[in-house]
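The structure follows.
Each chain carries a letter (A, B, C and D) given by its place in the written order, and its residues are counted from 1.
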Amino acid sequence: MNIDSITLLNWARGSGFEWALAIFIFGTLYRVLTLLMLGRKRNLAPAKSAETSAGVRTVFRRFAPAKGLFSKAPLLHIAGITFHLGFFLILFFYTPHIEALKTVLGFSWPALPNSVITATTVVTMIAMITLLIYRITDPVRRFISDGHDYFIWVISFLPLLTGYLAFNHALLPYTLMLALHILSVELLMVLLPFTRLGHFIAIFFARFYSGSDIGRKGVSS
Amino acid sequence: MSTNTIALNAFVEQMDSSMSAYFQSCTHCGLCAEACLFQTETQDPKYTPIHKIELMKRAWQQEMTLTGKLLKSIGLAKPITDDDLSEWEKVVYDGCTLCGRCSMVCPAGIDISGIIRKAREAFVASKHTPEGLRHGTKRAMELGSPMGVQLPALLAQLKHVEKDTGLSIPVDVEGADYLALLSSMEIMYYPEYIGALAKIFDHANVSWTLCSEAFEATNAGIQIGSSDLAAELVERIVSGAEKLKVKHVISPECGHAYTAIRWEGPNLIGRPFSFHVIHILELLDQLRAEGRLKTTGSWDESFTFHDPCQLVRKGGVVQEPRHLMGMFTTGLKEMPDAGVMNWCCGGGGGVSANPRAEDLKHIVFNKKKNQIEHTGVNTLVTACANCRMTIEEGAEHYNMDLNIIGLTEKLAEYLEPNQ
Amino acid sequence: MNSAVKVCTHQNAIPILHEIKHALLKLAENNQATTIDLSSLPMTSQDTEQLLSTLGKGEVNVTLTSAGESTFWETQFPGVWVTQHQPHFSSKQLTYIEICLFPSLLMAQQADITDGLNRLQEIMS
Amino acid sequence: MSKQYTLMDHLQGQGITRRGFLKFCSITATMLALPPSLIPQIAKALESAKRPSVIWLSFQECTGCTESITRSHAPTIESLIFDFISLDYHHTLQAASGHAAEAAREQAMKDNEDQYILVVDGSIPTGNPGFSTIAGIDNKQMLIDTAKHAAAIVAVGTCATYGGLPHADPNPTNAVAVSDIIKDKPIINVPGCPPIPIVMTGVLAHFLTFGTIPDLDDLGRPKMFYGNSIHDRCYRRPFYEKGLFAETFDDEGAKAGWCLFKLGCKGPTTYNACATAKWNEGTSFPIEAGAPCIGCSQPDFWDNGGFYNALSQPTISIGETAAAAIAAGAVASVAASAIHKSAKAKAAKKHHTVTTDDME
């Protein structure tokens, strides 16, 4: 029997997911532990104010645009925040996703209506396309971007696109599209810890470190 | 070792948890560009802050990551060459004042200016440094001051100050509470600062002294980015302070001097200080809060205040100057972005000591010029000798009608005479 | 029963009513007939009941007894017919909505007429 | 059994009128999921259709498929056997047994060489030939022999089409589908566990009516019955779109008839005619009875991670995988950190101390 879409789907839901999850957990743990195990020298200069709480504050404060910066790059801010927020909403509040996460985590939570998720997906894709155009056209963005940036854009965009097409039963038969969607998510899971997408976990450490370094000097950042 | 291997080695030496977190966090959003005056004023993408740390990031990838090591072992990694170092030297020294605005805005929380400071270690070690900065550092190491100011010159200036103020300036007084440091610019160009100190401490009855063996506060090692040299300069102050058994050391109206002695000092020499380091503005504000400073009269001119980067963002001295100014004037007109996010004068981080960067420094001064013009005033107060110098030069370059004053000396003018 | 179910069954009957309306329009304008096979549509028995009760019964009622019983009736909307076959080999009723002047299956067939004519002549001879 | 004897002859012999014949044609059209406009064509084809010989082989199976077809409502098995086809061999239904039965099969194969239809239910063991034999002949051999001169093969049930239950993990008999063995004959797959009766008879009726095999999808299934997913034709679809799901089999949502996606419904990826043809003489189908579709007409439906797990849920158990990944991650991190630290220590050792000489 040749490989048909249901076999592909079963592989994606079974062995494919198992590998992807294992690599994701391995990679994320590897990144976090090797980061922590490098260690930091104790700072011998007396702190002006508490550094740990300042670090924690910065972890949260940097979710919002820096003061005065929003007006300098409104498009980048709006598209960037929309994309991240949209991705988060779709990932964690669409019924089938919650069912999948329930298997991994063992608990679940209420979903958002499908119509909200569909609309969010469209908006999120538009935001991502905007960011891509911005990256290509803006001189600064184009200068600092390399192939890796465009590669991770594609990797992040695929799950949105295939998910949207699968939900709408468009382009390819549903079973195949669903299989492709799950495979694209697995590709994302595998690459997350080993590419710049690893910022999903690293930024929390980066914010904490810089927040506490700046915070110990009595400056909130 | 070839120079590029020395550089790579120096990069690797400094890798720690925070570096690792920073290098993993950047997604090239480029928002830091909006925070950097070299980028905003030149519109040249090469001044995008995150680009300035590219070589150190490359070192991290090649030496501290699995994939990087793998690629390097099969010869696919991009090496760090001397050409790279020369190219980046121009953005790392001429195009960065270590003002720290980028570190404040990065959504990922990357302390970009902190990384640039560390990256400079590798540039120094591999001798990829601007000539002017190198020579200033050499003078500082050999003569005790980047400007070549030596003890006889100081003593000569002190005589003038004593004559002007009628107060005696204590030198090498053992057991004094406070040891005051000076920057050579203050000694040579702004000796009125020394007079102001004498007046204020006399007024507030503060026990203080200068140290003949350790009067220079500036740290050329910090400016060029060499911890080895910076540590030696810090040691001079520490041994002076310990010899005189002072309780406190006062950092003068100079930005990087405060960073060098207050924040980097103990880490550079590898042991905590036996004394406290305090910035002159912090001390003055403390005296004010204790009621030991009494002013009379009021300065009725309108003026604006320039926040030195090393004091606000990198030192947390933000409200102190405003409290002090509030004692004798209500004429302060804040410039846009005043306070923690104020823009750099363009001369910090060694730029003002680097003649090669002079044209660029004038171009980026445009930012400060616009800020000042926005307030519509012709007088500017600041609290950093280097900022003061840079702004004076910038104002001259752009033919601005601008009067620049140091905060401490202005405060001294309005002190109530002692009974 | 929850009201949501009712909404759902309505939802399945309503599109068919629309289809009937359009077919009737075609019949009125172009004399074009249409047959809708309800057995091929995803309808619950409530859906079918709902639809048939909306269409109601009109003036004509016909029973056909050939290879099982079939009933035909015109609904309260002239030109809209309901045909139900009960095949002799099955217990599943097949239901069609025919939009036509008169269900063609009821018309006498040429072969049957010839056959009937023969038999008539046989009787008369 | 004359080869010239047509279906029309047979019906006329029963005294059915032309009108009755046309009615029969319209019912056939419904059965074949053809539009009513094709009725005249069907009538024309059936007028000259001949009754084919059918040989039905049962291998590793549970007789569920036969049970299902004997409950076919249109046509019934009686009318199927006597009206439409000549069922010459079916070891559950035929009166003969033993050698007499095998003789009937061989006779039918000889009489209708290259004309007969071979129906197979059950999968074929390829491990030990002794796992399943009929009259001393192992299943694989009988299939190869019987298929050799068949006009077409109809594989009924998921076992014959995709291996089905015997093929499920760990597949002790190494069971395979008909299509894994026979490569040179047209095979029509009629999967389902069991297939819908009307779909089985419909496929035969199609062959009878048109003398050809119907359009097949990429899994060898007739598109007319397997062209739509259960989800596409499900009357509960509006609830899916609205995000209204039953959480358990007895909650308010289940009572209100909401979508069964979360209870494991495989409707979105299952292609079959259940939602329209229905079961038990058109009474209902599983979803209508409140049970999620288990996807029985798809390959490997037994191994799809549980009938009551949602389609989006992974089909593997996470615990061991996660534990192994964590252990591996921890070990790798410790090892890598040692390397990093030694690299740092080496760099520190090679530290180039900056002196005033570097300031020339």
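The rule we apply is simple: a contact is a pair of C-beta atoms (placed from the backbone, for glycine too) under 8 Å apart; a residue touches a chain by one contact, two chains touch by 3 or more.
Every value quoted in this text rests on a predicted model; they were computed, and no experiment measured them.
Compute per-chain Cα centres, compare each with the mean of all protein Cα atoms, and return the closest chain.
Centre-most chain by C-alpha means: A.
Sort out for me whether A-B or C-D is joined by the greater number of C-beta contact pairs.
A-B
Just how far, in Å, is the C-alpha centre of chain D from the one of chain C?
Measuring from centre to centre gives 33 Å for this pair.
Find the geometric centre of each of chain B and chain C from their Cα atoms only, then give the gap between the two centres in Å, rounded to an integer.
Using C-alpha averages as centres, the distance is 93 Å.
In whole angstrom, how far does the Cα centroid of chain A sit from the Cα centroid of chain B?
Each chain's C-alpha centroid was found; their separation is 38 Å.
Centroid from C-alpha atoms only, then distance chain A to chain D, rounded to Å. What do you get?
Centre-to-centre distance between chain A and chain D: 40 Å.
For chain B, write out the residues touching at least two other chains, lowest number first.
In chain B, the residues touching two or more other chains are 15, 64, 66.
Taking each residue of chain C in turn, which ones touch at least two of the other chains?
none
Where in chain A do residues touch two or more other chains at once?
Where chain A meets two or more other chains at a single residue, that happens at 30, 34, 38.
Testing understanding: with touching defined as stated, what is the shape of the graph linking the protein chains, line, ring, star, complete or other?
other
Taking the top-of-page definition of touch, could you list the pairs of chains it picks out?
So the chains that touch one another pair up as A-B, A-D, B-D, C-D.
Would you mind writing out the residues of chain D in touch with chain B in their complex?
Result: residues 336, 340, 343-344, 347-348, 350-356, 358-360 of chain D touch chain B.
Across the complex, what residues on chain B touch chain D?
Contacts found on chain B: 1, 6, 9-10, 12-13, 15, 63-64, 66, 124-125, 127, 134-135, 137-138, 141-142, 224, 226, 228-229.
Can you list the chain A residues touching chain D in their complex?
1, 4, 6-7, 9-10, 13-15, 17-18, 21-30, 33-34, 37-38, 95-97, 99-100, 102-104, 111-115, 169, 174-175, 178, 182
Under the touch definition given earlier, write down the residues of chain B that touch chain A in their complex.
Interface residues on the chain B side: 15-22, 24-31, 33-35, 39, 43, 45-46, 48, 50-51, 64, 66-67, 103-111, 114, 262-267, 270-272, 276, 312-316, 318, 337, 340-341.
Over in the complex, which chain D residues touch chain C? Could you list them?
Listed in rising order, the residues are 16-24, 26-27, 29-30, 33, 35-37, 73-76, 78-79, 233-236, 238-239, 244, 252, 255-258, 275-276, 281-282, 284, 288.
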